[in-house]
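Going in written order, the chains are labelled A, B, C, D, E and F, and every chain counts its residues from 1.
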Amino acid sequence: MAQQGAPDPAMAIEMAKQEMDYRVALFNAMVSSCYEKCIDKRYKDGDLSVGENSCIDRCSSKYWQVTGIVGQMLGAQGGMHQ
Amino acid sequence: MAQQGAPDPAMAIEMAKQEMDYRVALFNAMVSSCYEKCIDKRYKDGDLSVGENSCIDRCSSKYWQVTGIVGQMLGAQGGMHQ
Amino acid sequence: MAQQGAPDPAMAIEMAKQEMDYRVALFNAMVSSCYEKCIDKRYKDGDLSVGENSCIDRCSSKYWQVTGIVGQMLGAQGGMHQ
Amino acid sequence: MDPNAAAMAAVPAEQQQQLLQEIEKMQVRDSLRMYNSLVERCFKDCVESFRRKDLDATEEKCVQSCAAKFMKHSARVGVRFGELSSEAESQMQQMMAQQGTGK
Amino acid sequence: MDPNAAAMAAVPAEQQQQLLQEIEKMQVRDSLRMYNSLVERCFKDCVESFRRKDLDATEEKCVQSCAAKFMKHSARVGVRFGELSSEAESQMQQMMAQQGTGK
Amino acid sequence: MDPNAAAMAAVPAEQQQQLLQEIEKMQVRDSLRMYNSLVERCFKDCVESFRRKDLDATEEKCVQSCAAKFMKHSARVGVRFGELSSEAESQMQQMMAQQGTGK
């Protein structure tokens, strides 16, 4: 990811940290977004139903696609991401 | 809290910091959750009513109990907390 | 900003960082608050309407004023903010 | 037992100064965060109309009541939080003493 | 390819120890954040009445189901996230190989 | 007066380099946070159905409009924020000059 001769090791650590921070934040947002969309909040029991499970799979996939679309737009606009 | 011979002082600082971060986050979540549940948002004046005050006390107590239940479940599951 | 003879450079950096963190958080809160108040969520196209634009201007101004009122109250109460 | 004291006890003496600085940083950061969330909440609950660029008297009064209420609420939760924490702390210590691991 | 491995590869060997410590810190921080958000969510969805200071049996049961469901949900999203990440990773590598910049 | 310049002035010259690095870190962190919140918001507003695993044309169009609108919104708030900040700054300086503490 754009490591054009960045020799400074502190910088490399910092970039790796931000990369991970970003991935964690993305994952957390995906968890909570798909929870809102897919999970029945009546909590009759502690198991996911068949419908909830397939909703989670599709929701994850669609969320990822939205990430791609927005990333492309931001990249085209100002090169902010990478 | 699981300080089995951890002699590294930087590590001890880090653990103490995370402990405090955690307590602050817990407190903030309790404040905002109980605010949602107990406070009349019409804001006729700046005082808490008798009903709001007793709601806050019970809400704090119940919130704390939920913390305990969830903590036990997570502990049983993977030992993530401590 | 209350730099009464604070000679410690690490302290000065820390204060400057917190000042910036605070400004970023304020800006982000203003963006999302005014988005909720002003933007039509049907997303027929990607442009802001005339009405949305003037709502954004007034919303920003009012948000800033609320910041002032709350800041004064907190300052009077405990001197927490400067 | 004061929870901060507990955290302090786990840290070697030479490092306590550093920890105190961390605590102070955290307190500044936290009060700024509280300020921000207070503004956000009272703005959301009190300001509905955007036909003018200045707050009217009703909105201003509402923001003041909202902020006052929030601070009182927050202080009361703080008291309860302190009580619940120290209860939990002393239960923990009793348990450890009974298990003989509390020497 | 494990995404952490990718991050590691970009970092000079002497610094990898430090990065591993950062990862560990982040994991602790993140599991505490997850714990907090789980409590917040299940409290919000399950506790509605404040006529008593203790949870009743229904509320307790609800909190347990909510927490169990959330953990299963989170684990499932984790699996999907891993799959989607490695798909993206291998597409990226193919693209770079085709452009001849992947030597 | 540029607010960053104000922050810089409070910091000894030797440390300005370090502060600049902090600012840069903060900007990266902040643009990633903005990206994340943009995705979260547009997903929430635009994707309602989970009968398929791919976005349909309507959803895709909606996400694009949402992101475009959000960026324009954010830029406009940024301009207003800058104006309000520098107004406040110059009022502050006037006040300090009047009190004779602004030497």
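In this section, a contact is a pair of C-beta atoms (placed from the backbone, for glycine too) under 8 Å apart; a residue touches a chain by one contact, two chains touch by 3 or more.
Source: prediction; values computed, not measured.
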- request: Note the shortest touch-path length, in steps, from chain B to chain C.
  value: 2
- line: The chains touching both chain D and chain F are C
Centroid comparison with chain D (C-alpha atoms), farthest chain: A
Query: How many degrees of rotation map chain D onto its copy chain E on CA atoms, rounded to the nearest 5?
result: 120
Statement: Farthest chain from chain C by C-alpha centroid distance is chain E
Chain centre separation (chain A, chain C; CA means) in Å: 27
Whole-Å gap between the CA centroids of chain A and chain E: 10
Query: So which bits of chain B are touching at least two other chains?
result: 21, 38, 57, 61
- request: Could you tell me which residues belong to chain F and also touch two or more other chains?
  value: 33, 37, 46, 64, 67-68
Query: Chain adjacency by touch: line, ring, star, complete or other shape?
result: ring
Statement: Circling from chain A by way of chain F, one passes the chains A, F, C, D, B, E
Query: In their complex, what parts of chain D are in touch with chain C?
result: 25, 28-29, 31-33, 35-36, 38-40, 42-44, 46-48, 50-55, 59-60, 63-64, 67-68, 71
Sites on chain A touched by chain F in the complex: 14, 18, 21-22, 25-26, 29, 33, 36-38, 54-55, 57-59, 61-63, 65-67, 69-71, 73-74, 77, 80-81
Statement: Note: in the complex, chain E contacts chain A through residues 3-4, 7-8, 10-12, 14-15, 18-19, 22-23, 26, 30, 33-34, 37, 41, 45-46, 62, 64-70, 72-74, 76-78, 80-81, 84-85
Query: Mind pulling up the chain C residues that touch chain F in the complex?
result: 1, 3, 9, 12-13, 15-17, 19-21, 23-24, 27-28, 30-32, 34-35, 38-39, 41, 43-48, 52-53, 56-57, 60-61, 64
